[in-house]
Amino acid sequence: MPTVKLVDENDPNPIVQRVFRDIKETKKINWIPNIWRALATHPEHLELCWTRLKAIMRPGKVDALTKEIVALAVSATNGCNYCINSHTAAAMKLGLDVEGLGEVLAVVGLFNQMNKLADAYQVEPDILPHVR
Amino acid sequence: MPTVKLVDENDPNPIVQRVFRDIKETKKINWIPNIWRALATHPEHLELCWTRLKAIMRPGKVDALTKEIVALAVSATNGCNYCINSHTAAAMKLGLDVEGLGEVLAVVGLFNQMNKLADAYQVEPDILPHVR
Amino acid sequence: MPTVKLVDENDPNPIVQRVFRDIKETKKINWIPNIWRALATHPEHLELCWTRLKAIMRPGKVDALTKEIVALAVSATNGCNYCINSHTAAAMKLGLDVEGLGEVLAVVGLFNQMNKLADAYQVEPDILPHVR
Amino acid sequence: MPTVKLVDENDPNPIVQRVFRDIKETKKINWIPNIWRALATHPEHLELCWTRLKAIMRPGKVDALTKEIVALAVSATNGCNYCINSHTAAAMKLGLDVEGLGEVLAVVGLFNQMNKLADAYQVEPDILPHVR
Amino acid sequence: MPTVKLVDENDPNPIVQRVFRDIKETKKINWIPNIWRALATHPEHLELCWTRLKAIMRPGKVDALTKEIVALAVSATNGCNYCINSHTAAAMKLGLDVEGLGEVLAVVGLFNQMNKLADAYQVEPDILPHVR
Amino acid sequence: MPTVKLVDENDPNPIVQRVFRDIKETKKINWIPNIWRALATHPEHLELCWTRLKAIMRPGKVDALTKEIVALAVSATNGCNYCINSHTAAAMKLGLDVEGLGEVLAVVGLFNQMNKLADAYQVEPDILPHVR
């Protein structure tokens, strides 16, 4: 159960109204995901989070699907249930199928393992070949 | 400093020889990265790790660069220095430039933040719109 | 569901009785939070945990509310649901309101992001200005 | 060693110039911490990070020292060396002495322990007393 | 709720059939734990994970119970609910009782605390006595 | 570099003297590891940490080597360099050889992978067979 009362989708606060409207337009949905309704308990923070997320997730040198895959890899590594659910859904909406999801998660699992082995043996960074 | 003595590149153990040769051929390099020299202190484990990594990192539905980007996202989230170094180098070798790296890490930073906010407010997964 | 049977509040074990009584008196509550009932399955460990928590959480140079805020920041960073719930409740009981909670969690989110960016770029500690 | 070449403090990029000037004025320092020089390799991301950090760290319901203490608690929990160094220095500049630092870190250590015990026993959130 | 449809225990895919049969024989159970049914959505990855887990968990220099205890310590540190449940059950099946479990978790809690204190004070590794 | 000045081994503070003497006697060493010299900047916290560590690490139902192995598994999962170094050394002093270390770390790596896969697919705990 959330630790705060989720803000209503029709809350009259002008910052909340402006951000909620932009979320719906940008994501082409007609409802507000719970995370934004929780953040709206502090409207200035809601706006900071949303405007920054919108700027960072816009396709650039890296395309939208790859960005969602990165979001999922981070969320799975952190074990954040809410985020795993929403980024899995978002990546699949952008075209990742179950087999592709399996490949992405295989890489996530693999490097969570390899990271710990590198740490555990205290392996020092390689001197790159051209410097050797 | 590593907690074990790194195994020499010319170690006579037949498993180590076989894996080291395959690492050089697969990665088209003529030296052995430190992580594999540390893992070689337990040859059976070295072989399990390498054969599995080779199978998972092979391009499939997801291409090689995206897989390296996922590896980097996981390593940055875990704060593993060795792995951050090697996957940054590998992703750039596959074509990611400094601006693309900036985009990827912006997404990594963003969702490390959003993950913790979703956890902190104990936000429950959204019921997806088509079910509403 | 807990992995052990929670110990009853009236358990006859003398260590458990002594600790449970002290928890009620110290926290001015007339029931025992679940974490202590789980720890009571190993009475000596229960006592070690409780006496140490009591000593550390006592106001000193740092006041009680700030200590609860630190507890919440740690719990949110670790994504521990039980602890997020109890430390949010405790901080609010000590006077933090929803807007103050929003500010605290904004800082928590921000530095979970900045930590990963500093790690991801392998930024080295600054040489402090007076040494420059 | 950073994975990117740190941007020079006098870099001509107008976004970089604007942000670097604001960092110096806001923090009342005459040099640029390494993290901002690394982020400046992607000027738009630099600006997003800085303007958001500036807004969130401004004293509000929660004072500046408490915010630095939260930043330190998060950084210690994540084990981020760069951030631990800079937030320890910042908190001490704002008045935390070695004994106060000891108290803060005692709380950080304590709840990293308690978080894992609550997770390990799969303890469910308490039903708050007034509801019992 | 899982993000993929769990694969049926009688799925006709030959890799899935082979792995599921081996899981039942190796673990001496007549049902398939959920994690394997989820991984079976990508049969090649299922087989890689299972064959590697089977090889690593086989008693060697380190016995089966100690390996389960390590699995539990890792899972508790990562806060993975599914894994905490299954490794607690597995360790207890191999002979760990509630008091032994309390001892193991006490060590897990203790070093989650000590790890963060060592990081927080940026303590450098000791030069071992024989070198002093 | 530590963020505090390490306390001298001959510091006159009576709590520090008492704890340092007990550390030397208990561990049968004639020097003080850096972590305790850092914690001694807050003598009461030093004593709380040491007395609790001493109580928890004493062999009970679980022997001393297994406890060190758990400490290493936790430290590797958290990526704490200081702790990885000291617990690897301690476990090897108690009889773990390089091959045994390889086995332990293989289990650590494996479950860091499996934990993230279980989280990533949002796998729900198994209903245990006898309840089925």
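In order of appearance the chains are A, B, C, D, E and F, and numbering begins at 1 in each one.
One rule holds for everything that comes next: a residue touches a chain if its C-beta (ideal position, glycine included) is under 8 Å from a C-beta of that chain, and two chains touch if they have at least 3 such contacts.
Predicted model only: the values in this text are computed from it and were never measured.
Novice: Go through the assembly and pull out the chains touching subunit A as well as subunit D.
Specialist: Both-contact set = B, C, E, F.
Novice: Could you work out which pair in A-F, A-C or A-D copies the interface of C-E, where over half of the contact pairs coincide by residue number?
Specialist: A-C
Novice: For subunit A superposed on subunit C via Cα atoms, how large is the rotation, as a multiple of 5°?
Specialist: Best-fit rotation on C-alpha atoms: 120 degrees.
Novice: Count the C-beta contact pairs for B-C and for A-B, then tell me which is higher.
Specialist: A-B
Novice: Please report how many Å separate the Cα centroid of subunit A from that of subunit E, as a whole number.
Specialist: Subunit A and subunit E have C-alpha centres separated by 27 Å.
Novice: How big is the gap, in whole Å, between where the Cα atoms of subunit D centre and where those of subunit E centre?
Specialist: About 33 Å, centre to centre.
Novice: Suppose each chain is reduced to the average of its Cα coordinates; what separation in Å results between subunit E and subunit F?
Specialist: 19
Novice: At which residue positions does subunit A touch at least two other chains?
Specialist: Those would be 1, 3-4, 39, 45, 48-49, 52, 56, 77-81, 84-85, 99, 103, 105-106, 108-110, 112-117, 119-122, 125.
Novice: Draw the chains as dots and join the ones that touch; what shape do you get: line, ring, star, complete or other?
Specialist: If you draw each chain as a dot and join those that touch, every dot ends up joined to every other.
Novice: Taking the touch rule as given, give the residues of subunit F at its contact with subunit E in the complex, in rising order.
Specialist: Residues 1-4, 29-31, 33-35, 38-39, 49, 52-53, 56-57, 60-62, 66-67, 69-71, 73-75, 77-78, 80-83, 85-87, 89, 97, 99-100, 103-104, 106-108, 110-126, 128-129, 132.
Novice: Help me check something: in the complex, which residues belonging to subunit C touch subunit A?
Specialist: 79, 84-85, 88, 98-99, 101-103, 105-106, 109
Novice: Where on subunit D does subunit E make contact in their complex?
Specialist: By the definition above, subunit D touches subunit E via 72, 76-77, 79, 81, 84-85, 105, 108-110, 112-117, 119-122.
Novice: Mind listing the subunit C positions that touch subunit F in their complex?
Specialist: 1, 44-45, 48, 52, 55-56, 125
Novice: Help me check something: in the complex, which residues belonging to subunit E touch subunit A?
Specialist: Residue list for subunit E touching subunit A: 3-4, 39, 41-42, 45, 48-49, 78-80.
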